[in-house]
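The two complexes that follow have subunit A in common; it is paired with subunit B in the first and with subunit C in the second.
This part shows the complex of A and B:
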């Protein structure tokens, strides 16, 4: 009968606040077999879809031939990395990626902070909540939808924005989406539209946790709104800003593959190609598995360096880091 | 004595400006969506001649009739609904069953597994190695390729784990005394207590699959297995004309079609949006991430 086997005799389940009991592995496996069993499917997922691909990164150092497999393919050391660094594409990829990262830092990162601070000053709560409800919406829309909206709004013949530019600034009607010059502004506009509203949530949460007594005391001392802002509101969200800055820096090189791929066309390739879209193009569509894996690995490692670097920097500057 | 700073002129000007700017932001956010909705019910000529409108002069449903009468669309819609439903079930089951043992601090080996999970947030094998794994598993052109590679979101897993840690242990203890094994405790006690959070993550996972474009791009070649997002892309991108040529009909409202297919791909999300927002507004996620 199942209950005969069923441990754990209640006493054997330690205090949930305590760390793991020190018991031999076999005893632990037996005692907690149900818990371990529940762990298996999820663990299998992580092994197969997260850690196997990490093992697959070894093909960056091989001339991988699918037919020969991971163990049979020839090892070539850093050949693909040399090819990447000395090849004609690297400079363009790096500068495209860095420029987009820079524009993100300048325009995208501060936007939710500013909007959150503006919402925080809004004291008509009905209006505040309605505005919040509306500006969160785009977060839930797919990049395909955002890209399609962009194509419609910028359409040469009937697009609202294209029309507006034509009416206001004159000049011939052009297909902005197909122009290299317009690629970066459009990408940044899309990101702002999609993520600004949602990004305010975390800052608003930090602002909501400020003790109202602080403002009260400041008012008693004669501080105006501006001084309350500088001395109470802004310091209150500084830790959040630091954490978000670290997280953002880790993702800077990721430069949303989905978004960029959807806006890339043959005319704006020169500015649109970033590491991720290059990996897709070279790796998946052209089948250069080893080379593209090397590119991906380079980018992944650079991301790790960035996130740890900015965490270190934050701590050096006296802020609480992420880890 | 404190002065009421909110009544000063500068303060009022600031408030007025603030409200104006925020309202403008809200309008910029929703107007494109309303325009697309209106455009999907407008005639081809109205779309071509009026640059912007929120209400069509002549209300027509041509595009929708065309869409629901075309095999390609109906198939993509059904595919997307089925993959989303099946995928959400798989994702939620895997996430919750894994989160429960990870919430037990006394479980030997828990820290190791948790670290393995967290490491995947910082570093990953990347696109091509993952593609090769999916290919080696024989999942190319299979609907499972749209589900399994994304089966557990590590962020969600950690949040659910934190939620389980907060649950009162007394009920679980009582069930154990009654002879329930851990699996029984999980299904009979813990899951019923977790209904709101199950609902929340079901919605988030569902939105994720519904919106996913990268997985079909990577893993699905067969145009008979296209999802709605791929179709949206095919119809509205620069190469739209090629895609339109593949459709099984001669006449179609070309521009209106773009509007309508965006509406169809967006509407379910907007339908569930109030629920999505409700749970987020409560700070479910943010509060627990802090741990």
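This part shows the complex of A and C:
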């Protein structure tokens, strides 16, 4: 790809143990100046929008009052964290967030892989392509629309799904979106509907790059469809799956805020409250800036632990990790 | 990795930071908002934002005598935006604060807003018209804003009149009669389509988990004799859910829900669609505010321009079974106009701003905010506001600017309390307006006041957001039949243990300090 830009090979003795030999920094800077220059906007973006704002995290350790500012507000140490861990909400938030994360891993993560593999087996390319386009359309709808559709489908007196359940299984008409037991299934179904098609794109790309010669060779050796799938297709996309798994794990705790906020009500709040919706409710609508920052910071740290954990696990299982 | 790229990274970071710092530096000192003849404001908006060059805006500027720079914020996100604005460094000079939300209380107590106690009396039009309302709007007796008046009693019950007539029922006077009407609306096919597809009472998902928030639940509990939010029981102020009347009221409601007399989606029905089942003929009773009748007449008229007047009946607060009556009053105000200390720095500047607001609070100013421009969008007839020129797009703009935007700045004139009442369009509406006034007079005699309105407990400010949902969610769960009364009582106990006891103690303390009553 970038071979045109690649600099002439460095004249130094390569040491297989330590990778490429060291080059004095000035030489390196000078030699690769254009490449480094191209790096600057990206770095600046991360510094300005991701790292500098972290200064604001200090308010998690203060009783922050905006009028008094960062310097004027009183420092309170770990008070807000103590309040969070000993408060009545923590257990519920943690278990709700983790259960949703677990359900996501079990149902949502494999879905695009399965669909991609199924699409890959389709031989009529027009059909394959049109199905692919159709199933990723929902990705472009906002959660607000998805939530409204859900409310309509489950509406007590005229919802299509509610009617269907009522007709087929009988029983009294119920307001499914209000029930705690239905909250998680509905959330997972919404996510599946919205994100599966979009997720297949990356796997289909990985599948497309598999060398057809491999299949041909396997067929010559008498491998059937199933064997080809098991020994060629799956190993070919395994690295992609691992990388996606590690990337996903960092976002696991970011249970989609908008989606959950839109589906919450008094009856299902006990299972619906997750860290993100709680931070919004406490911080933005109630103005408890310090406390909600503490909650958010805790969630962020837990996310970092998850990323490193799954990376470690991937390496442990003999896969190449991300870092 | 080895050290080379890392050092490089550090260098780049330093460079970027330096660039950023210099970029910010040039902007410094730009916070000066009090630029001479300009008044900056943040105001809630219920429609589309008025054009700053529009007729109403210009007229208001003329009255105020200053150039207005108004940030209009859609009402649905007003509280979020208020919080975010309070956390920013560009606070407008005058902000409409929609209630004593925690972030405002904290900011005010930290000195971010001018305390106006005893200051307003100097300005003839800002002087409180009701001491009680001003006190209610204060934070523990300290006034931080010019309150925006609302009628002191607004609770009322709306019924489908055509259904009442068909089933030969009359507007209920007691809760038992209300139950009977709801039952008849559900079971006796009031719409005459031969199907059992109607219900009695319509309750929406209440938009806030805040416990005392004028919800239909609050109103019904008061009817049964429970305190309005807090009440004196044995010389001590206790929250409403510590009284037996609270449970009696909810048992009654639960019975209605259980028998299918309430809309089955009462936990999820969007409060913005509260009118729909009523208009569509699915449900027949709404417990809310009397001004909803005006809205409802409009909607019914769209559906049936001929006979819409026969479809709506209204009743006041209800007596409980033993004949005693307790009516639910409102706070008498809805938020206030607060003046920022950050953008209005000196007493002299404050005087300037208050003088401007005083000019806005003249009869001329309030008419402009609540009715519009006389001779342009309305004319006076027997002291009534009669709309004119409805078909003219320019007049439509004026109406929109007034009704959905500028009326929010009214301090003693407001929705339903304009300087001039709107002329009712039909006889039915005229009757309704008369009835409304009669019912208000009648119900005021039995109003159960909330003694804690001026009181802000510090624990509630810091923990209210986690405390409130405990009981309000448990109540909905109980009504839906998901938990038993014992479990509801256990949740109330949990409220006490999670900090509620502290809130009660503080409220009693502050109440005593404010001199009781």
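Definition applied: the second predicted complex is superposed on the first by the 270 of 323 C-alpha atoms of A that agree within 3 Å, B and C clash if a C-alpha of one lies under 4 Å from a C-alpha of the other, contacts with A are read in each partner's own complex, and residues count from 1 in each chain.
Following the convention adopted for this analysis, a residue touches a chain if its C-beta (ideal position, glycine included) is under 8 Å from a C-beta of that chain, and two chains touch if they have at least 3 such contacts.
These numbers come from a predicted model, not from an experiment.
When the two structures are aligned on the shared chain, A:304 is found in touch with subunit B, with no touch to subunit C. Using the contact criterion defined above for the overlaid structures, shared-chain residue A:286 touches subunit C, although it does not reach subunit B.
Shared-chain residue A:65: touches subunit C; no touch with subunit B.
Once the two complexes are overlaid on the shared chain, A:48 sits against subunit B and subunit C alike.
When the two complexes are overlaid on their common chain A, residue A:197 makes contact with subunit B while staying clear of subunit C. In the superposition on chain A, A:234 makes contact with neither subunit B nor subunit C. Once the two complexes are laid over each other on the shared chain, residue contacts for A:88 go to subunit C alone; subunit B is not touched. With both complexes superposed, B is the one of subunit B and subunit C in contact with more subunit A residues. By the document's definition of touching, of the two partners only subunit C reaches A:173; subunit B does not. In the superposition on chain A, contact is made by A:205 with subunit B only, not with subunit C. Comparing the two interfaces of subunit A, the one with subunit B and the one with subunit C have residues 22-23, 25, 28, 36, 39, 43, 48, 51-52, 66, 151, 157, 177-178, 265, 283-284, 289 in common. Taken in their complex, subunit B has these residues touching subunit A: 2-3, 5-6, 8, 11, 14-15, 18-19, 21-23, 25-26, 28-30, 32-33, 35-36, 39, 47-49, 51-52, 93-95, 97-98, 100-102, 104-111, 113, 116-117, 120, 122-133, 137, 148-149, 151-152, 157, 165, 169, 173, 176-177, 179-183, 186, 207, 210-214, 217-218, 229-230, 232-233, 235-238, 255, 258-259, 262, 265-266, 269-270, 273, 276-277, 280, 283, 286-287.
Here subunit A touches subunit C in the complex through residues 22-23, 25, 28-29, 36, 39-40, 43-44, 47-48, 51-52, 65-68, 87-89, 151, 155-157, 173-175, 177-178, 180, 265-267, 269-270, 281-289, 291, going by the rule given at the top. Listed in rising order, the residues of subunit A touching subunit B in the complex are 2-3, 6, 8, 10, 13-23, 25, 28, 32, 34-39, 41-43, 45-46, 48-57, 59, 66, 115, 118-119, 121-124, 127, 130-131, 133-138, 140-145, 147-149, 151-153, 157-160, 163-164, 177-178, 193, 196-197, 201-202, 205, 219-220, 222, 224-225, 250, 257-258, 261-262, 265, 276, 279-280, 283-284, 289, 292-293, 296-297, 299-300, 303-304, 307. By the touch rule above, subunit C contacts subunit A in their complex via residues 2, 4, 7-9, 12-13, 15-17, 19-20, 79-80, 83-84, 86-88, 101-104, 106-107, 110-112, 197, 205-206, 209, 264-265, 267-268, 282, 341-342, 462, 464-466, 469-470, 472-473, 475-477, 480, 482, 494, 498.
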